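The same chain A turns up in both complexes below, where it pairs with chain B and then with chain C.
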Partner chain A sequence: MQKLFNIVMLSILLLVAAQAPAGIVVIVNNENPVSELSKREIIDIYMGRNLYFSDGKLALRLDHPPTSGEREQFYQTLVKKSVAQMNAYWAKLLFTGRASPPLLMGDSEQLLDTVRNNRNAIGYIEESNLDGSVKVVGRVD
Partner chain B sequence: MSRNRSFITLICSLTLASVPALSLADTIEQQHFRISGFGTLGAVKSGDDILGFTQGLYQEGVFDGDWSYKSNSNLGLQLDATFNNRLSATFQLVAKERVENGLEESLEWAFLRFRATQSVTLRAGRLGPSNFMLSDYRNIGFAYLWVRPPTEFYNILSFDYIDGMDVAYSTPLGTGTASAKFQVGKTSSTFARSDNRYDVNINPIYLGTLVWENDLWQTQASVALIEFDSDKYVAGTKELAQLLEGLGGLWPASESYLEGMKSDGRHTRYYSFGIAYTPENWQIQSEMSYIDTNVELYGSLRTGYLSVGRHIGPTTAYVMLAKAERGEDRKTIEPAPTVGPPLQPLLDVLQVNTQYVYDATQVNQQSASLGLRWNILYNLAAKTQWDRTWVEAYGGGFWDQKAIPTEDTTIDTFTINLNYVF
Partner chain C sequence: MAASRWLGVSINTRSSLAYQAGLSILLGALLLTLCFSFYFYDRTYREQLQTADQQLQQLFDTVENSAAVAAYLDNDEIALEVARGLSRNDIVSAATITSLTGMQVSSGTELSMTTPGIKSFALESPFISGDTVGSITMLPNHDLIKASAQTAAWRHVFITSIQSLALVALAIFLVHRNLSAPIKRLAGQLHLIPPGSKERLQCPRSHENDEIGLLIKDTNRLLTATQNTLDGERRLREYAESLERQFRLIFEKASCGIALVNAHGKILMHNPSLEHMLNITATQTDFRNTPFHSFFADPDQVRTLLERAHHANNPVTKDLQLKPTNDETRWLNSLISKVTDEDGEMIVECILYDISERTAREQQTQFEAERDPLTGLYNRRAGFRKIESAVQQAKETSSRCAFILVDLDKFKPINDNHGHDAGDLVLKTVAHRLSSHLRQHDIVIRWGGDEFLIIVEQVNHSARIAEKLLQTLQDDIDLGNGLQVSIGASIGISLFPDHGDQIEDLIQRADVAMYQVKESGRNHYAFYATAQA
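Moving on, here comes the complex of A and B:
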């Protein structure tokens, strides 16, 4: 009986652990020579202040849909701004012709696929969605 | 008016036509071509019987505490085309209330952008002026906190665009990014005042801006030099000036008044400084400017504002204080000399009109504002704002004046806006 109880408790604990909020990781293509990006570098790229990787290549910045949990968590953790506040920020940059916002992806799968197939792409996904086909260069948590 | 309506209809049609393109633009294959837009649906209640509220000199006033649905409303459509990693182009059309409102005026941006290096960007064509913090996105209500950029500070910036070129340099500096921009070009605009229209041409414009920003702070300092490239006299004073010129020595003092109305080849300099601080739940911003000119009729102007906003969930409540103050005292035009009939009535009328044009450009006012912004969706915000403005006697130059206010006046302005981007 005690053994059964332990198994049930362990299973519950494992289930809870699996459902805990996953960390967000920043990913690039495997062929990208960049091995690590600091928080500051990630902010500069995603706030449109620096559009280039250190090797001089123009970064293809990718974003999740406006209503997605990943997007909310990414910007809230990175710069403490809501999706609407980030949209207001990007409206300023886009409509003054300074920079375009990151390219919108349909979902994590499309984003992962785009990073996999574009040498200069950069994106972010939940760590649990990693499949080894892209390179992790930063973590946002 | 019908031309305005048909133009707005055209913009609405273009917007609807762009919807399929928007979904295409979301895919990787279509990244070379992006259509986006913005708009404001606004209602403003303001003015009294002699002072009409305007967002800028290019609009007719809202008088008698009436509601206006045109003064604050606009719709913009932007096309960005990326040719390669270095070269891109941007076109932006904005439909809004203007006294002169053809395609020429509605084309806000049309420029080519060339990224020469990672740090240096060149643009040429029709560009936004960058001398104040909001000067190149005044139409994008979704991008700023208030229902409009502060009137006391932004009404003096009477042109929307520069036809010319600019070069910008940016580099990491300390914990943030520093950038420098130099713009050169020309512009023109049509003003509405007292049921009259005046064309104003400015050529050249030189504009230098330094910006430093990080996640919390944004600071900006700029200097602009403009030269009026128009008639000999300030727009709207030509007929009066010609009559004064015709007087010969009949009214000796009029020569100095004429001199004060001259604008050709004269300079105006804008010096401005702005700072914004945006910690997690706050949005604090202030700008100050000093505008100096050797066009005596305009005189110098000191302007500034301070705004403090507090985010509470999806809403932001804010207060703002703003002031615009003329540097010189009111110029009193001395009585016309006594010459007797038949010229006396003419001289007396000229004296009154000279006093009028000198008074009409005087600006002395301050405002206190309370407002609320609510982010309803990630791309839709509702805003409301109440401004109480104290306009000093003879200080109504930022208003559409049916007559010169000879007493201090208090005017309340109520605004409700829906701002969106797509």
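Moving on, here comes the complex of A and C:
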């Protein structure tokens, strides 16, 4: 009887853990002096309003492929916009030549790798993919 | 000036009911149209402003995204494109996009927050809701809005005016047809009806129960009243005229003389008969200034009579003798009564009848009754009455009178020898001679066939009178045919009251004295001697 109770409780816990969305974290190179970015700062950097870090370096923004779950979750959570809406936003700005969308990466590995190797890169990944080689400066929940 | 003329009734067009009503309605309509138009313009203008606001809002809605992005990124290219796009709309005369981070892009006039009439919209960050990143400011094109409002208002004025004019025309037509025209017709009819005639106004069937019908009924009632009054007055006037004619006829053709005389005896009014009576000839124009009483033989008597009439309540009547003209004595019977004229002055009315002929006839009758037809002397009966009154008077005045009895001598032979005609002639001659030798007051009576009794007052002269009489009787009397006779007389005289106070006695005593003369030789006179009795 006790054994059955334990099994049910465990199943419920597992189910709950599986249902909870994985958090998205914003990462920078470990050498980047920026230790934390607010949500507004993250938005301004990613939407092209502010392209520089606080130390004056031009930020290299990195983006996931358009169909990826991270990308959809990131924009939805950050600015409540779909991927298509964000594409329309960048398309609108494209002809002015004054702003450009973040650099497109092939997958999460490539993105993580780029942040690891580029001092001014900034990107976002699922929290579960963190390995300590990059610095987390913010969370997008 | 235009005037409408209808059956003699002339009414100035400007004063006609339809014109006045039409003018009033027209003025009213114009005023109302003006008021409504102002109101409408104002409302339209406000509506247009409101519409412009809505349109601006819609424009803002259209460009909000792009503008927000431009402001977010301080992208002046997008901002300029948006601003130009906005100002390309008719209702926007200028547009400015500003960001909080310092960008300001304008199309058209540079706008600031202090520019009057501007519309400002806040721009929200495209990514962070509730975060303002800038604003769009637009200046609505007020000239366009005003012009649009004016156009709408003018159209309204035009339509309202057309409508008003149509209504005015309709109102004028209705007033004319239902009010003016019937009243004008009535006025024309009334104009043709002479006052007092039997004609009446005809009420059209369509107006029987309205105010015009009432007017016609009342007018007809007035016409009837007027006719009755005029008829009455005409009858009265005709009656008065006929009365006046009759009275004038009576006055002018009356055989009696009529005169109105005032207190001073002035003749105020008279009829033709009066002129005839008073022997006033046509040339005598100043007779009106001659006092009434001066036409009479005794003016004082007439004056007294007039005065009496003034104070008497009843008419005074009297036979009055006119002042003789041409030895003709005329008598007028006068009826005098007072009347009061309109001014309150007392005047007397004299009605005069010419009674001269009647008086003459009466005098003739009296004469014939009292006189001997042959000699014209008093007859015995009338003579006796005369003697009575003479004696009475003598008694009252204590005077005397003489009874002279004359008897003709040798008269019988004349009758016998020459016939009665000769005798009559002798008697007439004797009577004439006696009368002509005596005074007016003396009484001469034919007492018998050839006997005459004479009463005289002058007793002291009675002897001389007797002598004179004897003398005149002795003269020859011409009988005609060359025949002359001579007579004489015997006279006896008695005296009152010496020989008695009874008439019969005195006559008898005169007779005694006369007989004494006859016996003593005739042709003499003798007083009655007391001793003889």
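The criterion applied here is as follows: the second predicted complex is superposed on the first by the 128 of 141 C-alpha atoms of A that agree within 3 Å, B and C clash if a C-alpha of one lies under 4 Å from a C-alpha of the other, contacts with A are read in each partner's own complex, and residues count from 1 in each chain.
One rule holds in what follows: contacts are C-beta pairs under 8 Å (C-beta built on N, C-alpha and C of every residue); 3 or more make two chains touch, one makes a residue touch a chain.
As the structure is a computational prediction, the values presented were derived from the model and not from experiment.
Following the overlay on chain A, a clash is recorded for the pair chain B and chain C.
By the touch criterion defined above, A:Arg49 lies against chain B and chain C together after alignment on the C-alpha atoms of chain A.
With both structures placed on the common chain, the touch criterion links A:Val79 to chain B and to chain C.
Of the two partner chains, chain B is the only one that A:Leu104 touches; chain C does not reach it. By the touch criterion stated above, A:Lys92 is placed in contact with chain B and with chain C alike. Once chain A of one complex is fitted onto chain A of the other, the partner contacts of A:Pro66 are limited to chain B, with no touch recorded for chain C. When the two complexes are overlaid, the chain among chain B and chain C that reaches more residues of chain A is B. Two complexes overlaid on chain A leave one chain B stretch from 91-99, 217-225 or 361-369 clashing with chain C, and it is 217-225.
In the superposition on chain A, the residues of chain A touched by chain B in one structure and by chain C in the other are 40, 43, 47, 49, 79-80, 89, 92, 96. Contacts from chain B toward chain A in the complex involve residues 26, 28, 31, 34, 36, 38, 76, 78, 80, 82, 85, 90, 92, 109, 111, 113, 118, 123, 127-128, 136-137, 139-140, 142-144, 170, 172, 175, 177, 213, 215, 280, 314, 375, 377-379, 381, 421.
Of all the residues in chain A, the ones that touch chain B in their complex are 40, 43-44, 47, 49-52, 56, 58, 60, 66-67, 79-80, 82-85, 87-89, 91-92, 94-97, 100, 103-106, 114, 118.
Interface of chain A with chain C (complex): residues 40, 43, 47-49, 78-81, 89, 92-93, 96, 98-99. On the chain C side of its complex with chain A, the touching residues are 66, 69, 72-73, 75, 77-78, 126-129.
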